[in-house]
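Residue numbering begins at 1 within each chain, and the chains themselves are lettered A, B, C and D in the order written.
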Amino acid sequence: MLTMTRRGFGGLALGAGAAAALPFGGGAWAQGADIVLGGSIPMTGVFAFAGIGIHAGISDYVKIVNDAGGIKGRKLRFAFEDTAYKVDASVAVFNKLVAQEKPTLYYGDSTGFSKTINPELERNGGMIMAGASFASELNDPKKFPLQFMAGPDYTEMVGILLRYIAKEKPGAKVAFVHSDTEFGRDPIATSEKKAVEQGLKVVEKIVTPPGSVDISTEVLKLRRAAPDFTIFHGYVMAPIPEFIAQAKQMGMTSRFMGTFWSMDNSMVQKMGDLADGFMGVMPYRYYYDTEGNAPMLAKIRQMRPEYQSTAYMQGFLTAMLMTEAVKRTLESGQDLNGKTLKASLNSIKDFDTGGIIGVPISIPGNSIPVGRIYRADVQKKLMVPASDWIKLEA
Amino acid sequence: MEMDWLLLAEVSLAGLGTGGLYALTALAFVIIYKATRVVNLAIGEILMLGAYAFFGLAAGWALPWWVAALGALAVAGVFGAVVERTIIRPMLGESPISVFMVTVGLGSMLVGVVELIWTADPHRLPEFMPNTPILIGDAFLAPKIGYGFMVAAAVIAVFVLLFRFWRGGVALRATASDQAAAYSVGINVPGVFSLAWIVACMVAAGAGILVGSIGGISSTMGVFGLSVLVVVIVGGLDSVPGALVAGLLVGLVEALAGAYLGGEFKLLATFSLLVAVLMVHPYGLFGTREIERL
Amino acid sequence: MRIATAKETYAADEALFDTAVQRVWFAILLAALALFPFLADQYWLFLAGLAAINVISVTGLNILTGYTGLVSLGQAAFMGVGAYTVAVMEARLGTPVLLNLLGGGLVAAGVGMVFGLPSLRVKGLYLAIATIAASFILHFVFANWTSVTRGVSGINVPPAAFFGMALDTPFKLYWLIMPITVLLLLGAANLFRTRVGRAFIAVRDRDISAEVLGIPLLRTKLTSFALASFYAGVAGGLWAYFFRVVTPESFPLLLSIFLLAAIIVGGMGTILGGILGAVFMTLVPEFLKLLVGFVTPVWPDAAVHLSPVRTVVFGAMIVGFLIFEPQGLAEMWRRTRRFFHLWPFKT
Amino acid sequence: MGADAAPATPVLEVENLSLSFGGIRALNGVSFAVQPGSITSVIGPNGAGKTSLFNSISGFYKSTGTVRVDGKPIDHLHPPERAKLGLARSFQNIALFRGMTVLDNIKLGRHAHMKTGLLDALFYFGRARREEVELRREVEERIIDFLEIDHIRKAPVASLPYGLQKRVELARALAMRPRLLMLDEPVAGMNREETEDMARFILDVREEWGVPVLMVEHDMGMVMDISDHVVVLNFGQMIAQGTPREVQANPEVAAAYLGTGDVADLRRRVAAETRLPETREVA
């Protein structure tokens, strides 16, 4: 891990030596201390697939920024440690980085962490934070004034799906299948109301216990409900494939949909033929997407020739938005602290993400309520757009 | 609301189907307990090991599925022999708590090793079971569950016969009922211990392949072992018939609770069943009561 | 080398620290604990707080499992009961901190006793598995008793207030957590100087003989469950103040296994063992991280494998200690101490 | 004091005591009494039901019939309550608590008579401290000195030789404030010298503490030497009782010991052959 070796004694001594040797030097980074983006990143454990992508995305964007001369001449530095997706470990990393690196930006790895650290974040007051969680609860600037998320919250994601369904098949029957976790339960209650508002009928809600592999009874219930659309939430992959397999064996005609964390192309393609027709909501373009004007995607493809996951895009965009907030704050001559950074972030309007998101975005609150429906194309082994970009009104 | 009898039938079938897999895994657990008095909390992880070995051979080395399955069983058998010799045997005579914790440690090591080799990402096993639905009357049964149940039932039947008639099976039963006596009639008791671990790990691995082919595999699939623990407690730690009956019972209870109360009630239902059985029948439905002497 | 110390009264011989040397060391330890927060940064203070909370819970579990011989895999769930009690009292009622912690301990003790009831009828491994049931049933209650627990999203806990000061940093919380930890440890140590503690050990060593010698099994076992759960409840309450949010996912079965592993690594049935085990197990992941930092130059992928390595090390420590050092770190400590006492003579 | 102090209420009365395991009758209508200040021995071949008798008196086995202590029936009492009444005992297969020191094992005997509650214990203040120090003094001065085990008081019991362990068990029984001392094979497995020491301690207990003794023992020499009263069991039935002399002269007793007159010799032979089953029974 890069930051760790840097934090080792050797690195420290070297750094101190360099600083001593160039007290008034005209080096590129002389105009101020590094701006540190701290991170509790799940590099290992059950969420490692995401953590590794997030890490790569943030690192790449940081590199792009520094290669272009930093933010107003100040170098951006990514200091992170692995959390194995455990809340206490994430908090430990946070405390360590705050004590040793003084970050002004922070990336957190889970809803649990975002909620746990929020009081400390407000007390500290020196940074803003985003993370891997799109929990609806976090999308409240009053309760979480120093946090944001680089996309729609889970309720908004389902809202985008419902919007699409209502347009495709007015009055359609919808079923929700979700895990019995905080993540899984997050959007369900609100989305049920939203569905009714859209003129849709919620015919079944199925809860699966965490880690459960055998879902045959649940499929039986689902078949009785005979939905036109089934929305999965709270899973990365299992048990979605088995659900689809058994449903198809029983001759169900429902279409199956997922939310962001189950939409990575490499994950979906692992389902093989079962993936055919699987769709879901994605706030970003895929790595291989070449339509439209997307210089950032081109840049990413140039930096990394092999496929990068949706988590990579998430990390990359998060770093981009944070950088933008820092830039705007520095430009307005203010101190870098939580309040000014968040205000700068909220001043972002019709911002061009270089094609990561297909439309210009604004961040009026804590989320970016934009997304698009993609559909799995098994022949091409790709997720392909099934709708235009959908913006939810705030 | 009108009673949907077909749904009830289908749910019950699905529950019994899963129950067959519980019974199979519970059988592995009981074999070890009977022979060595070790409560093996790593049973779920051994099951996971079997599934991953199969995955590695079938998907990684692209072997035909039946070769991979045999290979996975062999891996599990070797694993059982090594574990018995290096970890379990040095613990003989220690307090049951220590031995039980050793298996907890073993389970954790297995999870770590699996994640080191295959990462924590979920995977799907290659399809090897027919996927045309099974219809029993009008009732639908998911093919994997149905075929899984049949395989489990066949394996269990073979085992029950082996227990009765094969020399090794007889030696195992003799050791289970009285170690000292087994020694004195010339049974190689350490050999029986090894045999029990080898056989049990192979059975668990077989169950792992079946379970994995239904729901995919991941490093957390060891939680399947928790339901199996309920099964063996309800059935009685040292009872083969107990494992079979309780396996089906727990499968059924889980399915009914899931279907009529909701998924979040599944574990609650089985663990409530466990507490109820413990209060009424402390040694399970079929377990042997331990007689205490002063 | 140290030679025997003469004592004049039986009271002196019954004292917790029975030599002047021991009392001096204890005073030094207390002084070090008091100085620590002024020297440590936020990270070390965080680890100290977490370790202390684990020490409390592990000590409770040690009373139950190490001293009374009743294996429990429900300790984390009882911590959860304490944490929820404190969270509700703090967030809804706004009662004082110490009262909340006491409440957390007492409610946990009550719940612990209920789940200890099967210990009348079953013991050993049956009981261990029965306590797993506690873990799942309580998790269900946390997740579904929405009106009290706010369901899966959990309860946000306001900072503990002590004489008007909000204890909202690891530094300030240290002064709440550490004294409570020391008090509870002294309490546990005292216990085993009296009939209550002796009865626990007797039940562990030979419960049926103990009964004939005048020890009521039921009451003793339930007392042990209650006490273990009380410690868990207080630990959980402090946890609530420490992490400031309590959710059903905060206290998984894995935490119970962690706590049990800590008493095995530390040493079952000794107070010192519980302390050493809890501190050691809390710090192991941090050691491993350091280690990863060192090996990264030669093994660039080391970081990616940290979590599985941690899982393997966790398991290997349980297995290794049980096979090679069943008395745990406490025994290693005693051996080291004996070596220095007898130095320069060999044992 | 001796058996001639009889007219007082017996310390222990056993009346028509029966016990069965499944279909097997372990005890069948056993009746006898222990007089104040006496030493009463229960003898019989292996499997005669001697230890079952002890366990029934202790309340560990649920038997039928009546047991009285100082004239009051105790059949409804659980084992710990019986212990509190002063039915103090040792065990055939030493039941010391291996995780404790000698001192703690002895102190444990006093458990039922102490009042320290959980809170007292946690704070070790007031009552807890007072009780413990008092107990320590009494244990030291009345028991440890008396049984000459001061050199091992802080030793873990597991490390002690067999003879000393038996002595510690006696010490623990003495700490129970015995009304009746029940010793299950106090000298089994001891050499001559150890046996004589133990016999002396038993006699001294009776003399100095005034506590009557009920003992199960195979060592006929010792039984006949120190007992005031002997009860003979065979196959769960009491076949004789009386003074040592009377019992020795009883032909039925001789028959029980395989039909010969030389009881002591046969006992040794029988014990050697059948040791295993009985020790296992009480494991």
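Some points to look at:
Simple rule for what comes next: a contact is a pair of C-beta atoms (placed from the backbone, for glycine too) under 8 Å apart; a residue touches a chain by one contact, two chains touch by 3 or more.
Chain by chain, the UniProt names read as follows: A = ABC transporter substrate-binding protein; B, C = Branched-chain amino acid ABC transporter permease; D = ABC transporter ATP-binding protein.
All of these numbers come straight from a predicted model, not from anything done at the bench.
Core chain by CA centroid proximity to the global CA centroid: C.
When each chain is reduced to the average of its Cα atoms, A sits farthest from subunit D.
Put simply, the C-alpha centre of subunit A and that of subunit C have 37 angstrom between them. Here the CA centre of subunit A is 38 Å from the CA centre of subunit B.
Spacing of subunit B relative to subunit D, judged by their CA centroids, is 49 angstrom.
Distance from the subunit A centre to the subunit D centre is 75 Å, each centre being the mean of its Cα atoms. For subunit C, the set of residues that touch two or more other chains comprises 143, 208-209, 212, 305, 307-308, 310. The residues of subunit D that reach two or more other chains are 55, 58, 60, 91, 95, listed in rising order. Shown for subunit A are the residues in touch with two or more other chains, namely 44-45, 48, 180.
For subunit B in complex with subunit C, the touching residues are 39, 87, 90-91, 94, 96-98, 100-102, 104-116, 120, 226, 229-230, 233, 237, 264-265, 267-268, 271-272, 274-275, 278-279, 282-283, 292-294.
Residues 1, 4-5, 7-8, 43-45, 48, 52, 81-82, 84, 87-89, 91-92, 95-96, 98-100, 112, 115-116, 118-120, 123, 137, 180-182, 185 of subunit A are the ones touching subunit C in the complex.
Interface of subunit C with subunit B (complex): residues 65, 69, 71, 117-118, 121-122, 124-126, 128-130, 132-133, 136-137, 140, 143-144, 208-209, 212, 257, 260-261, 264, 268, 305, 307-319, 322-323, 326. Only residues 9-11, 13-14, 16, 187-188, 190-191, 193-199, 201-202, 204-206, 208-217, 223, 227, 269 of subunit C touch subunit D when the two sit together in their complex.
Listing the residues of subunit C that touch subunit A in their complex gives 41-47, 50, 143, 151-154, 156, 159, 168-170, 243-245, 247-250, 285-286, 289, 292-294, 296-297, 302-308, 310.
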